[in-house]
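One chain, chain A, appears in both complexes that follow, with chain B as partner in the first and chain C in the second.
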Partner chain A sequence: MFAAAINKRSFGIAVTLLVLLGVLPFFLDRFYIYLTALILVTGLLATSLNMVLGYGGMYQFHHAVFYGVGAYACALTLIKTDLPPYAGFIVGPVVAAAVGVIMGLICVRLSKLYFGMLQIALGSLVWAIVYRWYSFTGGDDGLHGVPVPDLISSINGAYYFTLIITALCMVLIYLIINSPFGRIFQAIRDNPERSETIGVNVKRHQLVGLTIAAFFGGVAGSLFVTVEGSVFPDLMFWTLSLEILIMCLLGGWFTFLGPMVGAGIVVSLQTFVGMYTEYWTLIMGIILILLIFFLPEGVLGFFLERFSSREQAMSAEK
Partner chain B sequence: MLQVENIHTFYGLSHILFDVSLTVSEREIVCLLGRNGAGKSTTLRSVMGMTAPRRGNIAYKGSNITGIKPYRAVRLGIGYVPDDRRVFADLSVDENLEISERVPKGGVRHWDRKRVYDFFPALQYIMSRKAGLLSGGEQQMLTIARALMTNPEFLLLDEPTEGLAPMVVRMLETQISGLRDTGLTVLLAEQNQKVALGLSDRGYIIDNGAIRYHGPIDELKANEEIRKKYLLV
Partner chain C sequence: MTANITWAAFSQQILVGLSKTTILFIVSSGLSLVLGVLRIPNVFHGSLYMIGAFIAYSAAMVLGGSPLGFWVALVVAPLGVALISLIVERGLFCRLYEREHLMLLLFTFAFMLVFGDLVKLVWGSDYRSLSAPPILQGYFSIFGLPFPRYNAFLLLIGPLVAFGLWFLTNKTKIGKISRAAAVDREMVGAVGINVSWVFAAVFIIGCFLAGLGGALVAPTQNITQGMDHAIIIEAFLIVIIGGLGNIWGALLGALIFGLTDSIGILVWPQFAIVFPYIAVVVVLMFRPQGLLKSVW
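Here is the complex of A and B:
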């Protein structure tokens, strides 16, 4: 089944991309390496969101919570426990998934917008706890100078660590989406009621999906700790959730790599336009409006569509 | 196999089914005939638990299933083919079947994808096509095939011939009667008298949410008067 899910050409493209990303540190400046690492982390976060949003049709409006929880859990393990340093990178995702289960149990009782509203409410609660609990989480200040293991503390070390873990997670997410579980997820998006009449326990499926997404969100959070070496409450503020939602829409939320492309665009915009003006969101807002008018399928969705229609035209000529 | 006893079903405030009772025995095809809006679909939805009846009882194989969750009904061995035949449009034909594959508790796996393709050969040729792009008849075959993949012992068919070309209807007819030979019990809701009378062993006539007539199919065929009264537009 998995062999069928991976076609030759997309496999080739993926390998080329990976090799390109792998040799990047030999050519680029440190700043750009840092930026690429950040894009990869954010892209992984957006992809994990898209798994439930684009493929599952769930209005996961507060996905950043799992990112933040993963980052904090990882950082706190590194700072405050005697566990071996790499354990933090397991604790982060696991704690994020656990929070996902708890929030999911409450949220999947509702559907559509109500699901999203309840999630924002619960997520803000988590944020408020982290924001106020100075003695444990550092509150507003966050935690800085997290002792990341030596091997991955240099910029290139952090980059390669991020690249490998991100690639691994992307492959896993891809396999999940193309497994029968993922197909059922898409069926639920199309029609939850109909899914029940073929024997699918919709609520439980959504709960499992949300937990998996939370787990990968947590992985992204832990990677953020590696890249940045610090955590702060903004990581789970609801505006970030909105940003990653925009990344999914921007890149194309019915395509697998769309969110990654979206993350690349948003993070680059934020960095480069942010150098000139602090009103970079204004530029982004304009781009978003243009996008809704001209590329409703998202950037990647648009190119994929053109690509496939041209191919069809070519094969029709033959 | 199925006993529906005096159920009353509502959509919000509106009272749809009044004291509906019917029974289906094992290996029978029973049809539920009625005009548009008579309550055929609601009866099937009540059995399936999609709109639970407020009063009355539904028993399947002796155990009470009133107000059951739809996915539980499927796991007990009840298959359902909805009337608006909505397939999962973004999934391919094969994927539509793949996600439906399951065996009810204590049931036997009669149907797998290979057997379903043997039963509906037309589907085999379009297995990788997106289900949303199929014709009406193909979609109807797919929804029946999908229901079969859940390995039901009892099948609820809601107007399988609605909106299909006469030729397709004839083909579906032979396939549905083929289902009986596999040992399936069927409750068939239909407007199309010709199809229903040709297929079934017994018939019920429902009108305005109440059962008006019930009897063996030959009696119903002979009773022109009652068919005129309740079924002709």
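Here is the complex of A and C:
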């Protein structure tokens, strides 16, 4: 069933990319390995958002919450429990998914802007609790020096761990998008009313989609703990959520690797522009304004055009 | 914990909460106006609030701490912010009204990033403070407890602004046109009204209110980077629980937000900021479309 979804060409590209990324540590110094790992983590986060945003058409305005919850759950498991060290990397995503279910149950009754705003309200609630609960989450200081397992605590170890998990998750997300569930999900995006009419339970599909996205967001959060060794409340602040939205926009939603590319651009920009000036958000803002203003066709429009031409073809048939 | 809270302390805290409500109402009613008529979820509304506070500070500094400084600042800051919004609206926004919400949201977010850094460039990253004019300094006593005069001043301003907005939207021509445009902009255009300029006017009025909120809040807190982040999320939530575009909804939402916040400070200070969010979630669980009727 899934074999049809993976054609030879994209498989070839994926393997080449993976091999390239796999040999990267032999050529780059520590800083660039760290940067690449950070891009992979952020890219996985953006891809998980895009699963519900681009493919599901849901206004997931506060996806960073799941990233932050995953990171905190992972870090707290590593610090405060006697569980085997790698358990944190299971607890993180699972807790994120659980939060996703709870938030989803409340949010999916609404649609579009109201859905997004309610999600921001709920997400801000989670953020506020984490921000203030000094005895448990470290409050606004966060938690530093998380005892990451030895094998993956070195920079190369963290890099390979991140690479393998990210690749695995990307494959899983790809399979989910191309599964019957993913197809229905995309049908809901294109026309929720019609999907409802032919017997699709729209709300339940949205809930499941949101939960899966939250799970992968939690995976990204756990990986962040590996790479960075610390967690802080900014991981679930709403501005980060909008930044991930920008990554999806930059790279192009409706494309599978777009958000990963967008994450690469944004994280590199932050890092390199940030070296020369403290005003990197100014530059980022200007780039974004120019992008939306002059290149809507180049980024998002291409795909919208494709959809509208398909709709036109459909209406022409009638 | 609750045993030692006296009735007087409770009343005092409620009054403080109500004066915070005033600021929240002024800022979020502007946001609501823009969202209702133009359908733009304006994320940089919070930045304009911050800029308003900084302009108020600078205006007062230019006048060298004379008692008039604050009053001049109160006029100059909203006008300055209105001017900025005029430039942004006529320059860029008027070309983007037909885009979908998500793009507009990101577009305004881009402006928030730009404005945030511009404020850092112009005013630096230090804390600033603006003192209230002598007549509004000090305290008077309510139920035997001190109550800041400035907060009482805010309590007077709130109803004034609410009345002004009611008058503007219900009694003036531009208000009536803008309400019509919120419901059906094509029809308003079809009867020969230049909708584009109506939108510009509404946008500027909305931003003016953000600037006014910023100027009014300046004497009560440090003027600092990050003011924009804090206020905008609160303003958005207030607008949502009140009903999009509904001015009275914004008032109701601001009341809920301000009062739960001050009650939170009273009963559990550490988690005070959590209370308003809980209130918002509860409201939205029972009234997903907001408490009052949305204009959409």
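Here, the second predicted complex is superposed on the first by the 293 of 318 C-alpha atoms of A that agree within 3 Å, B and C clash if a C-alpha of one lies under 4 Å from a C-alpha of the other, contacts with A are read in each partner's own complex, and residues count from 1 in each chain.
Just so it is clear, contacts are C-beta pairs under 8 Å (C-beta built on N, C-alpha and C of every residue); 3 or more make two chains touch, one makes a residue touch a chain.
Just so it is clear, the structure is predicted and the values come from calculations on it, not from any experiment.
J.: Given the superposition on chain A, are chain B and chain C in a clash or a fit?
T.: Aligned on chain A, chain B and chain C fit with no clash.
J.: Looking at A:Asn191, would you say it contacts chain B, chain C, both, or neither? Reply first, second, both or neither.
T.: first
J.: After superposing on the shared chain, does chain C or chain B touch more chain A residues?
T.: C
J.: Contacts for A:Tyr279 in the overlay, against chain B (first) and chain C (second): which applies, first, second, both or neither?
T.: So A:Tyr279 only meets chain C here.
J.: Given the touch rule stated above, what does A:Met117 touch, chain B (first), chain C (second), both, or neither?
T.: So A:Met117 only meets chain C here.
J.: Closest Cα approach between chain B and chain C after superposing, in Å?
T.: Nearest C-alpha atoms of the two chains are 14 Å apart.
J.: For chain A, what residues appear in both contact lists, the one with chain B and the one with chain C?
T.: In the superposed arrangement, which is not itself an observed complex, chain A uses no residue for both chain B and chain C.
J.: Looking at the complex, which residues from chain C come into contact with chain A?
T.: The contact residues of chain C facing chain A are 41, 43, 92, 95-96, 99, 101-103, 105-107, 109-114, 116-118, 120-121, 229, 233, 236-237, 240, 244, 270-271, 273-274, 277-278, 280-281, 284-285, 288-289.
J.: Using the touch definition up top, name the residues of chain A that touch chain C in the complex.
T.: Result: residues 59, 61, 106, 109-110, 112-114, 117-118, 120-122, 124-125, 128-129, 131-134, 237-239, 242, 245-246, 249, 278-279, 281-282, 284-286, 288-289, 292-293, 296, 300 of chain A touch chain C.
J.: Would you mind writing out the residues of chain A in touch with chain B in their complex?
T.: Residues 180, 183-184, 186-187, 189-191, 193-194, 196-202.
J.: Please name which positions on chain B make contact with chain A in the complex.
T.: Checking each residue of chain B against chain A gives 48, 50, 69-71, 74-75, 80, 82, 86, 88-91, 95-96, 98-102, 146-147, 149-150.
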